[in-house]
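Here the chain labels run A, B, C, D, E and F in written order, and each chain numbers its own residues starting at 1.
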Amino acid sequence: MSFQTKNITWFLKNLMSAAVFVITLSVFAFAGNTPDSNAEALDMVWILIAAFLVFFMQAGFAMLETGFTRSKNAVNIMMKNLVDFSFGSLAFWAVGFALMFGAGNAFIGSEGFFLNGVTEPTQYAYWLFQAVFAATAATIVSGAVAGRIKFSSYLIYSVVITALIYPVSGHWIWGGGWLSSLETPMIDFAGSTVVHSLGGWAALAGAMIVGPRIGRYTKVKGPIRGHSLTLASLGVFILWFGWYGFNAGSTTSGTDLTIAIISVTTTLAASAGVVSAMITSWLREGKPDIGMSLNGALAGLVSITAGTANVSPLSAVLIGVIGGIIVNYSVALFDKLKIDDPVGAISVHGVCGAWGTLAVGLFAQESFGGVNGLFFGGGINQLLVQLLGVVAVFIWSFGLSTVMFLTLKRTMGIRVTEEEEILGLDLVEHGAEAYPDFTVTM
Amino acid sequence: MKKLEAIIKPFKLDDVKQALVDIGIRGMTVSEVKGYGRQKGQSELYRGREYHIDFLPKVKIEVVVTDDKVEEAVRQILLVANTGQIGDGKIFLSDIEDAIRIRTEESGNDALN
Amino acid sequence: MSFQTKNITWFLKNLMSAAVFVITLSVFAFAGNTPDSNAEALDMVWILIAAFLVFFMQAGFAMLETGFTRSKNAVNIMMKNLVDFSFGSLAFWAVGFALMFGAGNAFIGSEGFFLNGVTEPTQYAYWLFQAVFAATAATIVSGAVAGRIKFSSYLIYSVVITALIYPVSGHWIWGGGWLSSLETPMIDFAGSTVVHSLGGWAALAGAMIVGPRIGRYTKVKGPIRGHSLTLASLGVFILWFGWYGFNAGSTTSGTDLTIAIISVTTTLAASAGVVSAMITSWLREGKPDIGMSLNGALAGLVSITAGTANVSPLSAVLIGVIGGIIVNYSVALFDKLKIDDPVGAISVHGVCGAWGTLAVGLFAQESFGGVNGLFFGGGINQLLVQLLGVVAVFIWSFGLSTVMFLTLKRTMGIRVTEEEEILGLDLVEHGAEAYPDFTVTM
Amino acid sequence: MSFQTKNITWFLKNLMSAAVFVITLSVFAFAGNTPDSNAEALDMVWILIAAFLVFFMQAGFAMLETGFTRSKNAVNIMMKNLVDFSFGSLAFWAVGFALMFGAGNAFIGSEGFFLNGVTEPTQYAYWLFQAVFAATAATIVSGAVAGRIKFSSYLIYSVVITALIYPVSGHWIWGGGWLSSLETPMIDFAGSTVVHSLGGWAALAGAMIVGPRIGRYTKVKGPIRGHSLTLASLGVFILWFGWYGFNAGSTTSGTDLTIAIISVTTTLAASAGVVSAMITSWLREGKPDIGMSLNGALAGLVSITAGTANVSPLSAVLIGVIGGIIVNYSVALFDKLKIDDPVGAISVHGVCGAWGTLAVGLFAQESFGGVNGLFFGGGINQLLVQLLGVVAVFIWSFGLSTVMFLTLKRTMGIRVTEEEEILGLDLVEHGAEAYPDFTVTM
Amino acid sequence: MKKLEAIIKPFKLDDVKQALVDIGIRGMTVSEVKGYGRQKGQSELYRGREYHIDFLPKVKIEVVVTDDKVEEAVRQILLVANTGQIGDGKIFLSDIEDAIRIRTEESGNDALN
Amino acid sequence: MKKLEAIIKPFKLDDVKQALVDIGIRGMTVSEVKGYGRQKGQSELYRGREYHIDFLPKVKIEVVVTDDKVEEAVRQILLVANTGQIGDGKIFLSDIEDAIRIRTEESGNDALN
């Protein structure tokens, strides 16, 4: 039924007969609105809106990353975020979805390339929801390698992660693979490990292989500061907003009333992450640091993602508090190791993702998600399974990403030249300046 | 004709401008600069790391005055821009050979009035 | 029933009796929740959320346009976007909606001014959804005439487009008018023609009549660059986000499960638009151009808007790919013709809108929207009808806009003086500077 | 039921048997989708999405406030917005919600601290919706005291407002307290008084006690201008977008079809606010002022918030028009009184909130919300009750905030030193610069 | 060797640059400044209040030229930057003792070619 | 007393500053400028069109030194700022008649220490 057909019979002609109007509008409905058809429709509406929110996180990542990096690379950051989503969603359509959710074995799926054979609307909705997740995993890497990676190499990498790296380990946990078939299946409700750690470890491989930015660790001078903390903050607010889709959408059902508790634990953990990260920085440095506070929000969000449907509000607060502390020390650690991560992606997504996944094994509570963790009398089994998942995904993601980045390094090269880096990626890669208003003042 | 270049603290700009105008100076040119000097820069934080900023924001006022106004202008600036704290800035004096008003092509002291 | 009444009986007093609580909360529900009432409510929730998303596109347009223009006109761009929505929605309430959807003849509707006679909630929801569409059409023009049009003239124009130009041709296609009453009715699901081309052709008239910005084509110096590609990119992300409301909301029904496939085709076409526009610019200019890549996203989105419910995912990709190529050449063409369009609105909305409308005649597929296009054995009929629609709306919109802009030019004047243009519209029209932090540094 | 369990049986294994698929997906559903369960789920989906939108208003406030203030305080504004939400939501979880909605007496509630005893999903959803409202009230103050308040004092204050000040008067009106138990209960549908005036009067107390910024009223020089009207405008668009959640979400029910008319009155009042504020400024100053136009949008929104479900579209327009005029004169008045409010929060939220609340007593119409105001034959009773509510909340909020701010002033101090203010809060409070790209150009 | 400092209206920058290049000048340095002078600043609005901005945006061109080019350069600037309206700006002339090209360490007039 | 104005490539700022500090110079003033010279600007793209940017970002360091330090300062700058590529910039030397420290009203060489 197309739009205009409906409209013809619509509105004012029927102004006098609202009843007729309703009938017209609901042609399908009268063919049979049933409780089940309504539930199915509500589930779909929920999945789609959640997917839209997760899509919007791309804007959040773009603002966060550009804010935390220099203006001479601002255009490049925008391009990377635009393009990893675009190539990523095409790659996930062509290949990734089939590998992740297609029938296959415990390790990999192998049916449904190009959405072949898919006809059910719900499956389309589900594809979209999964595609925006895949693109999120890809985007995480962008920030960690900002300011020096070659655009063409990044582009290839972002196809590989959405077409291959993300879907395979995703299959293990969400697609019916081995980690979900254990006696005690791994719990990663919305993807602390499937999405965030995976992206974080890939970012770690990327940052290590591409090396630190010029001047980052070689001189006495301070850190390389970003060019707009305002935009970085906007990015965090957008990400937090989108995260509601990420977590609560992961029920893939609007009739599943746990979406309420998920939204609450998400909010509390994020708030707790801000508070604890800020206080930690205050104690350590004597001032409440904005970079850490922003990272604290994300740390809280990443940390609660795995257990958002399985823990109590109080546990969510604790998980967020610990996430906010971890991110402080983790950022400092990677700095000491001279692994240059301009936006803190490795700490926020990798480390806190791991923490969040383990936290399920500690804080899960039967009355919320049906499973008890160590602190609630469930024994150590769940925790061990969570640990197994964390390690397995680390090995897979870090391993494959290392191979990939090294291959790129040895073939087409992975890093711009020193001169290009000094000039800035905007100019050399895109022939552009982000803020070129000087000579045009007229 | 002399040029005075005064490097001052940014928040003193309005006062200095007013002081100069009050003694009959009718034009000046101002720019934002960064200064390095005895005033040690702030220590800042960035994502959990403390570091030191060497360059501090300053404002540079360039004003070209006739020889007879130099002393007064200097005195006014000293009066107004002084907070008594390190970093108040400097005044540099140099010679200007000629000034020309673009609109009228007047030159010399006439260009300044 | 007002909020607080519900709240009184709410929460803790009933903590022990959750059942009672549910009853209290659902006073109306128990008066008769039926599958049909639920379906109606779900449809309304969907329309409203979609309308909110489309509203948010105003923010996207504002950021896109200001990013692509100079800082001395940034305030003016904001004012135009704020004001075309505000005047536009009032005009659409007073007049536009009645002309578009009111009972009338094949050419124009004529009932329901000021929402007179409207009592059904669903009709209110529908009005809002249509109002934000009308405002979108108006906003498109803003970018093309940026930097030199008089604010007062723009204001008048934006009332005329939302009160008259948009509703009339909208009536033809969506309101029961002649284009929707043909034996083979025109298909423009979410408005490639109704909204985008209409706006694009009005923008063309505007840009031609108001003339190019000073220095745009008269000097050797380069293009007049925008002042923030970061904000322009943010604008594109916001627009893309809002577009989900635009396209999927156009079912005006959340129980119509085609919303899933619509969301998928929208995503894929946009992604494909980015990819093809970027690659085209890369091949033509040697570098992946951000302006073109951003425009590519919008080109893909505009192109899929007509056929989003009628084509397969693969066709959506192709439609987007072609849109992304078109936008490259179209921008170059209008530049060669010395029609100065600072943000590319004519190419993105006008030209790609036409392409998207025609594409339905080529790629429509029965299994998606019930109709077959040329490539799927449906013959050439649909394509010809689409062409007819494209041409008819071009004549109407370009024609009326030309009349309007010329009238404005001859009466109150349409362009600021040369001196004002050089000083910038912010200062002369609004007495403002967008970024006045210098003298206030204190 | 966790995510992955569902996924295992999901997708391609069942590709051939879509029927089986639906069954699998809807495990719960088949356990009993009923019209009532669907209605409950739809209500919850609506509350949650509305809550997400209201959360996103934090981003809007952050952009608005930072845009209207100087760049040397931009980081501080971001921190305040981030932190008032974070501390605020934790405080509302620990204390506020219990005081506001817990069983208690006519003055204050006293059960449900830390969500103790809450088990119903709907109650969780409701908590979130209320928590984001509470945080909004807190954030309003931030703008009015920007540029000179001590961060630590602000932090304490924001806890007090969300834990105590907001919940108590909220209890009176929304929680079953005395204002809602009058014979003619006060009507404040979505919080013109409960949220906005409350925040506005607290802002008034704060601005008075903390005193004007250095140089604001002591010198001949002009106003202290903000550093980005572009970001301020973005903030207004985001706020307007979020306001749909604020107002339409306040049905806390998606099956309550008044959400449509609410969305319409919200849109029209906001538009009318822009138009009238702009025209007023045009008449008074000779130019359409962007600051006033932006404030006009917010004035319209705040003004309609109380009566959004109780008035006709035409009345909404009038309410918005008057709001837009009021804000012009109110801003001028507070300026004359030398109460320095950098963003106009007192006028927009306090004064227009009061106006909107009174407007219900004038414009309420039975056919919309069941009650008639003075202009529609309902007599003066409702108006008097509204006035009582306005005055009561003024006394409470202004009184308690005054006590609070004075206590802070006398103990830990409420204002940074003159030297610190001149240097900027970013540097002295957070050791940061918002836009530090100069020395890092490399 | 002389330095010309021309304070001009921003939109004249391209023309002045071209005029200088046309007479064989091969280098110059430009900065954004704010100028105070006879040209009274715009009156602006901010959230409903009118006020006056004293400092107007100007562009400063600094160009060091050999003595023989001074006159011609000044003439060109006067020709091109003149709009006949108050605020067209000034040219200040001063002496430069030496110029050194960093790359080649050439000094004196050689450094300018 | 002389003023050195060094126009350099932006990324050399830190090195030049350090080099000057190392020879005992205790103050300098820095600003962002745009330079036109032999170094031809980048060719850029804007929405599908290629074009040429004439002005390149440079940094200007102004440092006033006592006469005896001039030579050493110049040498240091030449040493550190030289990349051997076109566009490394210039140093201009000129005379400063007097310097006054605003805080203490010291003048002459004393104002520079």
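Criterion: contacts are C-beta pairs under 8 Å (C-beta built on N, C-alpha and C of every residue); 3 or more make two chains touch, one makes a residue touch a chain.
Model, not experiment: these values are computed from the prediction.
Visitor: In how few steps can one go from chain B to chain D if every step must land on a touching chain?
Guide: Contact-graph shortest path, chain B to chain D, evaluates to 1.
Visitor: Of the pairs D-E, A-F or C-F, which has an interface that repeats that of B-D (more than half of the contact pairs shared)?
Guide: It is A-F that repeats the B-D interface.
Visitor: Counting C-beta pairs in contact, which chain pair has more, C-F or A-C?
Guide: Higher C-beta contact count between the two pairs: A-C.
Visitor: Taking each chain's centre as the mean position of its Cα atoms, how many Å separate chain C from chain E?
Guide: Distance between chain centres: 45 Å.
Visitor: Counting only Cα atoms for the centres, state how far chain E is from chain F in Å.
Guide: Roughly 18 Å separates the two chain centres.
Visitor: Hey, how far is the Cα centre of chain A from the one of chain B, in Å?
Guide: 51
Visitor: Could you put a whole-Å number on the gap between the CA centroids of chain A and chain D?
Guide: About 29 Å, centre to centre.
Visitor: Pull out every residue in chain D that's touching 2 or more other chains.
Guide: In chain D, the residues touching two or more other chains are 35, 38, 40, 42, 45, 49, 119, 122-123, 221, 225, 228, 285, 287, 289, 291, 422, 430-433, 438-439, 441-442.
Visitor: For chain F, jot down the residues that touch at least 2 other chains.
Guide: 11, 14, 31-32, 34, 44-46, 50, 53-55, 94-95
Visitor: Would you pull the chain E residues touching chain C in the complex into a rising list?
Guide: The contact residues of chain E facing chain C are 11, 14, 34, 42-46, 50, 53-55.
Visitor: For the complex, give me every residue of chain E touching chain B.
Guide: 2, 6-8, 31-38, 54-55, 58, 60, 74, 77-78, 81-95
Visitor: Mind listing the chain A positions that touch chain C in their complex?
Guide: Contacts found on chain A: 1-13, 15, 18, 21-22, 25-26, 28-30, 33-35, 37-38, 40-42, 44-45, 48-49, 51-52, 55-56, 58-59, 62-63, 66, 74-75, 78-79, 81-83, 85-90, 93, 114-115, 121-125, 127-128, 131, 151, 228, 231, 429-437, 440-442.
Visitor: Over in the complex, which chain B residues touch chain E? Could you list them?
Guide: 3, 17, 21, 26-31, 64, 94-103, 105, 111
Visitor: Contact residues on chain C for chain F in the complex?
Guide: 68, 221-223, 225, 281, 284-285, 287, 289, 291-292, 295, 328, 331-332, 335, 344
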